[in-house]
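Which chain is which? They are A, B and C, in the order written, and residues in each are numbered from 1.
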Amino acid sequence: MDRSQDWNWNSGKRIIAEFGKWEEAFDWVEEPYVSPDGDKIAAVVKTGEMEFSVCVNGSAWENTFDKVWYVRFAPDGRLTAIVSDTGAWTLAIDGNAWEETFDYIWDTRFTPDGQTIVCNAQQGMQYLLVKNGAPWGEATFANIGHTAVSPDGSRLAAVVQTEDFNEGDIFKFQEGCYTVAINGHAWERNFVNAWETSFSANNQHVATEVRLSLYDYTIAVDGKIWSATYPSVWKPVFNPRDTTVTAPVKSAGAWILACDGRPLWTNKYAQLWHHMYSPDGDKIAAIAAPKFGRWTMAVDDQPWSVTFGDFVSEAVFSPDGQRLACIGVDHKKHRIVVDGKPWSGDYDLAWQPVFSPDGQHVAARVEKDGLFSVVVDDQPLKESYRRCWDPVFSPDNQHLLVRALEGQGADTVYTRTVLPLSEILG
Amino acid sequence: MNDATAVETKQIYDKGIEEGAARLTPEKIKQVYQQMMSAEAGARLKTYVQNCVSCGLCSEACHFYLSYDRDPRFSPAGKVRQTMAELMKKKGAVSVEFMKKTSEIASTECNLCKRCAQYCPFGLDVAFVMLFVRRLCHKLGISPQYIQDTAHSHSVTGNQMWVKEDEWVDSLQWQEEEAQEEIENLRIPVEKEGAEIFYSVIGPEPKFRAQLIYQAAVIFNAAGLNWTMPATPGWDNSDMAMYTGDNEIMARIKRMHFETAMRLKVKRVVMGECGHAFRSIYDVGNRALGWRMPPVEVSHSIEFFYELLRDDKIKIAEKYKPTVTIHDPCNVVRGRGLHDMLRYVVHAICENVVEMHPNREHNYCCSAGGGVINCGPPWKMKRVNGNKVKAQQLFAAKSRGAETCVAPCHNCHGGLEDIIHHNEIGMDLKFLGDIIYEVMEKPERV
Amino acid sequence: MHAIYNFVSGPLAWVAFILFFGGILYQLISRAMLARKKDHYVYEYWSFFYALRSIAHWIFPFASTNSRNRPVLTIVTFVFHICIFVAPLFLFAHVSLIYEAFGISWWFMPDGVADILTLLVIGACIFFLVRRLVQPDVKYLSTPTDFILLGLVAAPFVTGYWAYHQWPGNEFMTILHMFSAEVLLVAIPFTKLNHMFLFFFTRGYMGSEFGGVRFARDW
């Protein structure tokens, strides 16, 4: 759910916090995180001897903890951090810890609306998922991983170990000791391995990559496997329009895209992964290596002509599905690529490009020679920053929100700037 | 026949090989062999096996051959002759017994160190052939138990030692706390996006050698570097799947590693003092995924320490006193030419250095590498006795005063430790990090 | 006898040379194609600079560590390989045969020198043979093929020498000479004697990997 219409979109710069001064107030200040709307900046700080908290816009949470880490803003703006007190771990939201504690928790995840917060947890050497502070059910497992949360947050999936075996018992392992559990209920069938897992758009179905023996890989959907097996597979994804499943699979030494166990794409790739549907489900794009050592995007089995030697990452469709952007890296130089055309600027680092709601503009955070900036439609902002975060377009496509740290040392300030696009591109 | 050879010829029981073989039939062997030959055997394999002119020029390259009294079965070409050449001659029509021996030879009698490729006039790559044989054994399910278990661990946890996700982060936080007692406010930054360096280690570090993470943290903090370690699988750079021939799992875990680096937006991966992991992320694993070279720059600790010392990022309070000798780990020396940097570092931190010979890229392997030490206790004495030449080198260095051996590689450490112990050489063994930590100027707080 | 002579020196010689050159081409092309399909790393990592650098270190005696470790073998191998090329190529009898057939000719050496080169090759073959029988690792590695090939290589030199010196039965020996030479020519592309041309690729590839990726010497 996009809340950006409620944010302040009046042009101008505001200093939100004198971040540089925090170092004077606290003995220890970690790297900062900022809220989606840019109104808050937060960092782990040390408030006393072995006493930690999170400082938000200059004042620390009242509650302090033995340890605080993994500070993350939820999409709805709530601030979370993993905290511990006398060895008991839990999640604190805006300073208030969940009542339930665990022997360990980690890997905080959010649904897009921010309403559901999920962590992996360990309690008495048994593993489970925790949703909004409560265990996902009675069941606990010997190990857990590859957590997935359904889009509405109603269902949680994870790969779990369902059979015990001793270290070194290779034959027991090969019989299959892992499967997927949904809301704590494990599938009946075990696998040698199960890895990355996806939910369908309607939250009802789960697909995962599995290994049936040491040699045969396939996709399991709701616990049932495809009829074909492959020498290897990557993460399956549901078509948002229906419940068909696609996955990159290896076949005769090359990668192709398969759908429900049958080849979908005909081109063969040296590598093919991170495939994704356009929001309407019309198109499929994937990061692909059409030949060894050259990387690009393939859209509906058509690779772009431009290729990169290091890697391609961070692909994203425009909201209307008509455009596609990614990062391409060659000889360590990062470039933003939109619809197969690389921008002219190259950078030491570039983050995932951001489309305007109407899909007409693309912006991205970049870093060069230790300075950060934002590029919009291949046009860098005049200013550069000590650090900045991903830019956000206003719902009316007219403005851009820039969240940045400016200044040096103790004079470092955190600013929230709304820039009219006309000014940037003008 | 001396006792070393006696140990070697004694039948060694390995559950993985034996129980795996019990499920095999000659038909199955032939079928898997033929399938693999048609799918994977190419011009290199064919040429490496068939073009050997049996000249024996590679024999003396191999520490196994030299250590087992020049028993020709341990010559590099001899290992090919007993395994792949025979398989090819018989087109896979071999007995189960034969495959057991083949698995043993490929997995426990060759460290894939590639020294022989430097001695064969044609540059025939025996290590390549042995790896192909190991993959065949993997497909037949007759890999040695311990290393197979490690490959299983990789497949589940992404690391070598069945370290669970919480145990990993927990051990980082524990090391951070420990180090804070020595250096106030020292931090091990976990999941710090945009840090300059992703420091990656191998599975045994959190499990058995946590002090190495501690020491690295002290070095990073003293040098004032912007670094991080991930909280997710992908933190481990090690790779035993590479050595069992399970290329699919190898690719999977290397993908995790590189994608972790990309996700953290680091400029480069600096890895701890491990050789085989370097080979995996610099040479073998990246290729298996379609990357000509690693997508993100990777540096071994040797190179990293070299830069720190060259640029005066860390200062040495007082050089290490005991005389040291240097063991060159194959995978970063023959595999990446770091021998000069290694010497720069050792000379910068130690007062007295004596060399072993042959050295640099012509070094003898430690006999633990290539997954051999990971084949576990059953094969330990075979490996230790298979490296008497290393023991002789160490003795010679000791006679010239060496009290400590520097070995910047985990497997080398394991291997040399056993060699030193078994032969009662009486020498200390250290990582570069151990010595740097000991002799550097440490801040009281950061 | 004359009919056999004509056959061996005529059609059979043609066949031998065609198979020799054709075989080399076939081997190179088929391997290149196989490598394209299954060993694309060879193409990916091939570097002419590093390949030539490595080849040079292995072609010149004493340029590689291992050749320095074994000086006697190095000298014998070097002399052997030089002689098996120089002796037949610049032999008066061969050059004049070619001149008679095709009208082209080139420099040839005095027969006395050719004699010496021939004896050197025969001597080297005996050395190799003894080495194969005496040195345990080489003995262990040797297969019947290795002995046969050694014999095949030695045969034209022995028979040629015999024929040239007009020893008893030299007419027969001349035929045997031509025949054995033809067998050798055909054997080169189809046995491990094809190292004559594959050497440059195996060494070159290893040199490329060591030079371009591993930054270490492979000699």
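Simple rule for what comes next: a contact is a pair of C-beta atoms (placed from the backbone, for glycine too) under 8 Å apart; a residue touches a chain by one contact, two chains touch by 3 or more.
Predicted model, so just to flag it, every value in this text is computed and none were measured.
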{"item": "Arrangement of touching chains [line / ring / star / complete / other]", "value": "complete"}
{"item": "Maximum centroid distance from chain B, chain identifier (CA atoms)", "value": "C"}
{"item": "Length of the line joining the C-alpha centres of chain A and chain C, rounded to whole Å", "value": "62"}
{"item": "Distance from the mean Cα position of chain B to that of chain A, given in whole angstrom", "value": "33"}
{"item": "Between chain C and chain B, distance of the C-alpha-averaged centres to the nearest whole Å", "value": "40"}
{"item": "Multi-chain contact residues (two or more partners), chain A", "value": "292-293"}
{"item": "Multi-partner residues of chain B (each touching 2 or more other chains)", "value": "292"}
{"item": "For chain C, residues that touch 2 or more chains besides their own", "value": "44"}
{"item": "Parts of chain C lying in touch with chain A, wherever the complex brings them together", "value": "40, 44"}
{"item": "Complex contact set, residues of chain B against chain C", "value": "40-44, 46-48, 50-57, 59-61, 65, 70, 72-73, 75, 77-78, 81, 117-119, 121-125, 283, 287, 292-293, 333-337, 339, 361-362"}
{"item": "In the complex, chain C residues that touch chain B", "value": "31-32, 34-35, 37-39, 41-42, 44, 54, 58, 64-67, 69-70, 73, 132, 135-143, 146, 192, 194-195, 198-199, 201-207, 210, 213-219"}
{"item": "Of all residues in chain A, those that touch chain B in their complex", "value": "27-28, 30-31, 46, 67, 69-70, 103-104, 106-107, 120, 122, 127, 143-145, 161, 167-171, 173-174, 178, 192-193, 195, 211, 214-215, 217, 231-232, 250, 252-253, 270-271, 273, 289, 292-293, 295, 309-311, 313, 329, 332, 348-349, 351, 367, 387"}
{"item": "Contact footprint of chain A on chain B as seen in their complex", "value": "15-16, 19, 39, 138-139, 141, 145-146, 148-149, 152, 155-157, 162, 164-166, 169-170, 173, 185, 187, 189-194, 231-233, 246, 248, 251-252, 255, 258, 262, 265, 267, 289-292, 295-297"}
